[in-house]
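Heads up, the next two complexes both have subunit A, just with different partners, subunit B and then subunit C.
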Partner chain A sequence: MRLFIEQLLNGIAMGSIYALVTLGLALVYGIMRILHVAHAAVFTIGAYAGLFLFQLTGSLIVAFLGSMACCALLGVMIERFVYFPLMKYPPYVPLIGSIAVMLSIEEVCRLVAGPYILTFPAKLPFPDVYLGGIQISSTLIAVYSITAAVLLVLWYITTHTELGLAMRATSQDISISGAMGINSHVIITLTFVMGSAIAAIAGMLVGIYYNQVYPTMGTVPAYKTLALIVVGGLGSVPGAVIASMLLGTAETLLIGYANIPLPRDALAFIAMIGVLMWRSEGLLGSSR
Partner chain B sequence: MSSYVITIGTIIVIQAIAVCGLNVIVGYAGQISLGHAAFFGIGAYSAAILTTKAGFSFWTALPLVIGMSGFIGLLLGLPSIRVREDFLAITTIGINFIVEAVFRYVQFFGGALGIGGIPRIVLFGIKLKGITFFLLCLGFLIVVLFICWWFTRSWASLACYAIREEETAASTMGISPVRFKLLAFVIGTAMAGLGGSLYAHYMQFISAGDFSFPVSVAFLSMLVLGGMGTLWGPVVGTLILGVLPEVFRPLVDYRIFFYTLLLLLMIRFQPGGILGEGSVVRRILAPILKGGRA
Partner chain C sequence: MKYITILLFIVMACIFVAGTGGAADTIKIGLLAPLTGAAAADGLSVHNSVKLAVERVNAEGGLLGKKVELVTYDDRADAKDAVALARKLIEQDKVVAVVAGSYSTPSRAVAPIFQEEKIPAVAAYAVHPDITKAGNYNFRNGFLGMVEGKAAAYVAVKILKAKKIALLVSDNDFGRTLAEGFKYYMEKYAKGVATIVSQQAYPMQEKDFKAYLSKIKQDVPDLIFSSGYYFQTGPVVKQAREMGITAHILGEEGADSPKFLEIAGPSAEGFVIVTNLNRDDKRPAVKKFLNTYEKQYKIQPDMVGASAYDAFMIICDAIKRAKSVKGPDIRNAIATIKNFNGLTGEIKRFTPEGEVVKDVQVQIVKQGRFRNLGVVSDPELITP
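After this line comes the complex of A and B, so read on.
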């Protein structure tokens, strides 16, 4: 029982991290209908920028803010120089562009920081919590509370502000919302800023959680998050969060208890194809 | 010719065969596939198992290998009926990851060690290697190109084009999307199986890593670069992306970076590919190609 609860807690942390990465992807897909594979490269840059700033200043706050700013800039650059000019082509064109961006950023990381695993020796300022004899480590608490905070802020922005209203309008129909006086390009840019800043947080959390940062740390998330946004219903943010939480928990519990001959990444895709065959629009997607 | 050039040439020709198959699926029928390496791998593994464990020769195994790849292509093509565009792209990525995981973790397929000791192809009592094997692959590529050309002249290709351009309109005209999508999948994956079989016999050793997702990305990049839906596009694209890493070899560490950067610039400024609609090359060549008719 004790082991089960500990596994469950780890699973929820895993799911929270998936959710943070997947959020950006779901936001971008919702608004531009582009599969933003390069988001995982933004996530990697987030971890590297955070580590670099942390080593330079020794302050986690500076590291978090700096890495978020850095990733936001990178996200906007990818949008301006790659996605926006390619939006008029069939969807596979921006997809291949995105994969090319991801591979080149990965290479840049390898060339600049070296191909080895760097450690991220930071301790997040959260307390350990004891609940009925079970210790929840400070890192887990940090992952939970940061994810919850990000989700709350995002929920508030999208449902209670004019910016959120404009974002929802743009994601429903770009040209009609433009006719209603919404500057859709500014909205798209802001979406990338938000998604990429969240990816930076996720990158740093993963770096600290596993205490390692390396150039290809984005490869597995890159494709797994695609499966997650599909399962959640393409472009549905709540769907993406639910799918991430479910997958993170299920994965950790299955690996812990059942002796499955396949690696966890294949499991995610098997689950995805299963869901697609059952509901071809995803869990919370609308059939369009 | 030095053996270095022949090695590069053979790999390029084998990949071109697989990319021609991808062209049938993506270029002609408009069904995006990012899992083509899985079918390449299915061809390679079935050839390897049939020749090393069941005692077949390359020639007796070939019809079985092509049939098997086509059949699995048919099964895995079924999701394409249910899902479209972006969903299909992600589903095919998933298929690639699952097939690779099965090869890597199931003992029957050699597990993480892969399968070694695949015999060389024997033709007229001669073991083919080096230049003779290259010529055999080239022969197969010509056959594949001929099938593609013949396909573009058939009624089936018109149906496929119609589905690619507007699926709903095509089905109201009485063209069954299910039938022609699956036809394209079967032809395309059978060609990938042929390529995979040649690859297995050329390398004589295969492992799951040879058929991972990045290979699928490479195949699709080759196709897009060359120009999808054109007859020669796959060959041109494979040639360029096959030769470039060798040209960049003096850059040592920066090689892959320049390679990915070039791919990015190509897709950014010539999304239709080198031989596609509205490309620079086509505009320059237009007066020659049209022969004054335009």
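After this line comes the complex of A and C, so read on.
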């Protein structure tokens, strides 16, 4: 039983990290119907920018805020200079553009920072927690707290503010919401700002959590998050979060109990194939 | 007129380049190393160290009256890249011998090519048995996975006095062969003394070991044998200590890298490895290498670099003794090497299969550096 609870806690942490990376992708897909693969590269830049600022200033707060600003800017630039001009073509054209952007950013990271694994020796100020004989390490607590905070802020913005209303309207129908006086381009820009800032948090968190920052750290998230938004229901933010949590937990339990050296990434795609076969709109997607 | 000048300049430049490229006044030795990709830190160490070896040989007058020239290519630890680059080394660069300074997977892919072309190749630190099985032109200066695995088990049982051992193994050529050696020793020499309580394998890309470690924690072993590369064992050690696991953690040469110390951070204290470079070696040549390396490159030297350095020096020594740069002559000279004074210990000899015979070093992390803990010199264990 104790082992099960420990594994569950590990799994939720894994799921939280997936959720943070997937959120931006789900937000962007919801609004623009673009598979924003380059989001994983924004995540990598987030880790590098955070590490650089941390080494420069020694302050984690500055690193987090600076990295978020940096990624927000990058996200908006990708939208303005890559997706916006390509929107008039069939959806695979922006997708190819997105893949190109991702590979380019990865190579830039390699050229600028070198191909080596850099370490991120920051300590997140969270305590170890003991609950009924189970030790929850400070890194797990950090992951839970930061994810919860991000989700809470995002939930508040999308449900309790006018911006959120406008975002939901835009995601339902971009031309009608435009006719109702919503400046859809501003909403798109803000969506990229939010999604990319969350990616920055995710990048830094992963960098600190595993103490590793390297140019190809976005490769696995790039395809895994795609599977996750399909499973969650394309464009559904709550669906993406639930899918991430389920996957993180399932992967961890599978390792903990079955001990198959199956690459844990395979599970995401098995789930995706299953969803496509039996419930093609995804867990929380609308069958529109 | 201007164009003619430019044209003339280009032609001259071409002649100049062709002239230097075609000159046969150097002896070319090839080096394959993973300079980019996940293994980049190992590749860098290999390249840095072999450059020091080249400087030393040339400063001492070169080989057979000629300078030695190193031709290095980046195989990204990838078998496909390595095969193309091995062909390039042989056909385009016309190297006389090769230091295979990369991981098992690419090294076993290129070994048959060197065999076929009769180019002697010395694998610096790759552990897979197939490399030397490719034929008599392939040698190995590192330990066979079996030997190192056996030595690791010896350290676990005899030096660290472990009774309950958990295995956590990287699921690839490297991790699997080491685990086999470990289990072989346990089966043959440690029956009734110590037992393996759990065995788990993780895929190459794994970053999060908490699921594996939670399970290990349940079994309360007094030693964890963590077999993998520095970018795997580093997180294993860090996460294990975060989770409050206090058992000894024993690794092998894959964790012998300054990057390991960086990734694991303060959790690295007390971590033990079996490897082939002793940091506290008293011999002057070793001391000089360790000092020069750290001064010149501002990072700590490690076993992959030292092994590649030795592989290069073994080839140079063979060329000197053979007084020839022909493949078969160099091969025969390498095969008859005796008590060669290398950085990674005294190389007693090569077996007919091309496997090195030398002591296994045991190192422990103290204050962020690897330090001497002991040595495994039992011929029964270290002879492949």
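Rule of thumb we're sticking to: the second predicted complex is superposed on the first by the 286 of 288 C-alpha atoms of A that agree within 3 Å, B and C clash if a C-alpha of one lies under 4 Å from a C-alpha of the other, contacts with A are read in each partner's own complex, and residues count from 1 in each chain.
Assume contacts are C-beta pairs under 8 Å (C-beta built on N, C-alpha and C of every residue); 3 or more make two chains touch, one makes a residue touch a chain.
If you're wondering where the values come from, they're calculated on a predicted model, not measured in any experiment.
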(request) Judging by the criteria at the top, classify the pair subunit B and subunit C on subunit A as clash or fit. (result) fit
(message) Let me test your reading of the model: by the given contact rule, A:Y144 touches which partner, first (subunit B), second (subunit C), both or neither?
(response) neither
(request) Mind working out whether A:F126 is in touch with subunit B, subunit C, both or neither, as first, second, both or neither? (result) neither
(request) Give one of first, second, both or neither to describe whether A:Q135 is in contact with subunit B, with subunit C, with both, or with none. (result) second
(request) Answer with first, second, both or neither: which of subunit B and subunit C does A:A100 touch in the superposed model? (result) first
(request) Give one of first, second, both or neither to describe whether A:M277 is in contact with subunit B, with subunit C, with both, or with none. (result) first
(request) Check the residue A:I255 against both partner chains and state whether it touches subunit B (first), subunit C (second), both, or neither. (result) second
(request) Check the residue A:D265 against both partner chains and state whether it touches subunit B (first), subunit C (second), both, or neither. (result) both
(request) For the superposed three-chain arrangement, provide the angle subunit B-subunit A-subunit C between C-alpha centres, rounded in steps of 10 degrees. (result) 70
(request) Look at the superposition and give the distance in whole angstrom between the closest pair of CA atoms, one from subunit B and one from subunit C. (result) 7
(message) Shared contact residues on subunit A, subunit B side and subunit C side combined as an intersection?
(response) 261-263, 265
(request) Write out the stretch or stretches of subunit C touching subunit A in their complex. (result) 35-38, 40-41, 44, 171, 200-203, 205-208, 210-212, 214-215, 217-218, 231, 234-235, 238, 242-244, 259, 262-265
(message) So in the complex, the part of subunit B that touches subunit A is made up of which residues?
(response) 26, 32, 34, 79, 82-83, 85-87, 89-91, 93-95, 97-98, 100-102, 104-106, 213, 217, 220-221, 224, 253-254, 256-257, 260-261, 263-264, 267-268, 271
(request) Spell out the residues on subunit A that touch subunit B in their complex, using ranges where they run on. (result) 29, 33, 35, 81-82, 85-86, 89, 91-93, 95-97, 99-101, 103-104, 107-108, 111, 223, 226-227, 230, 234, 261-263, 265-266, 269-270, 272-273, 276-277, 280
(message) Touching residues of subunit A toward subunit C in the complex: what are they?
(response) 2-3, 6-7, 10-11, 13-14, 110, 114-117, 119, 121, 135, 137-139, 210-212, 214, 216, 220, 251-253, 255-256, 259, 261-265
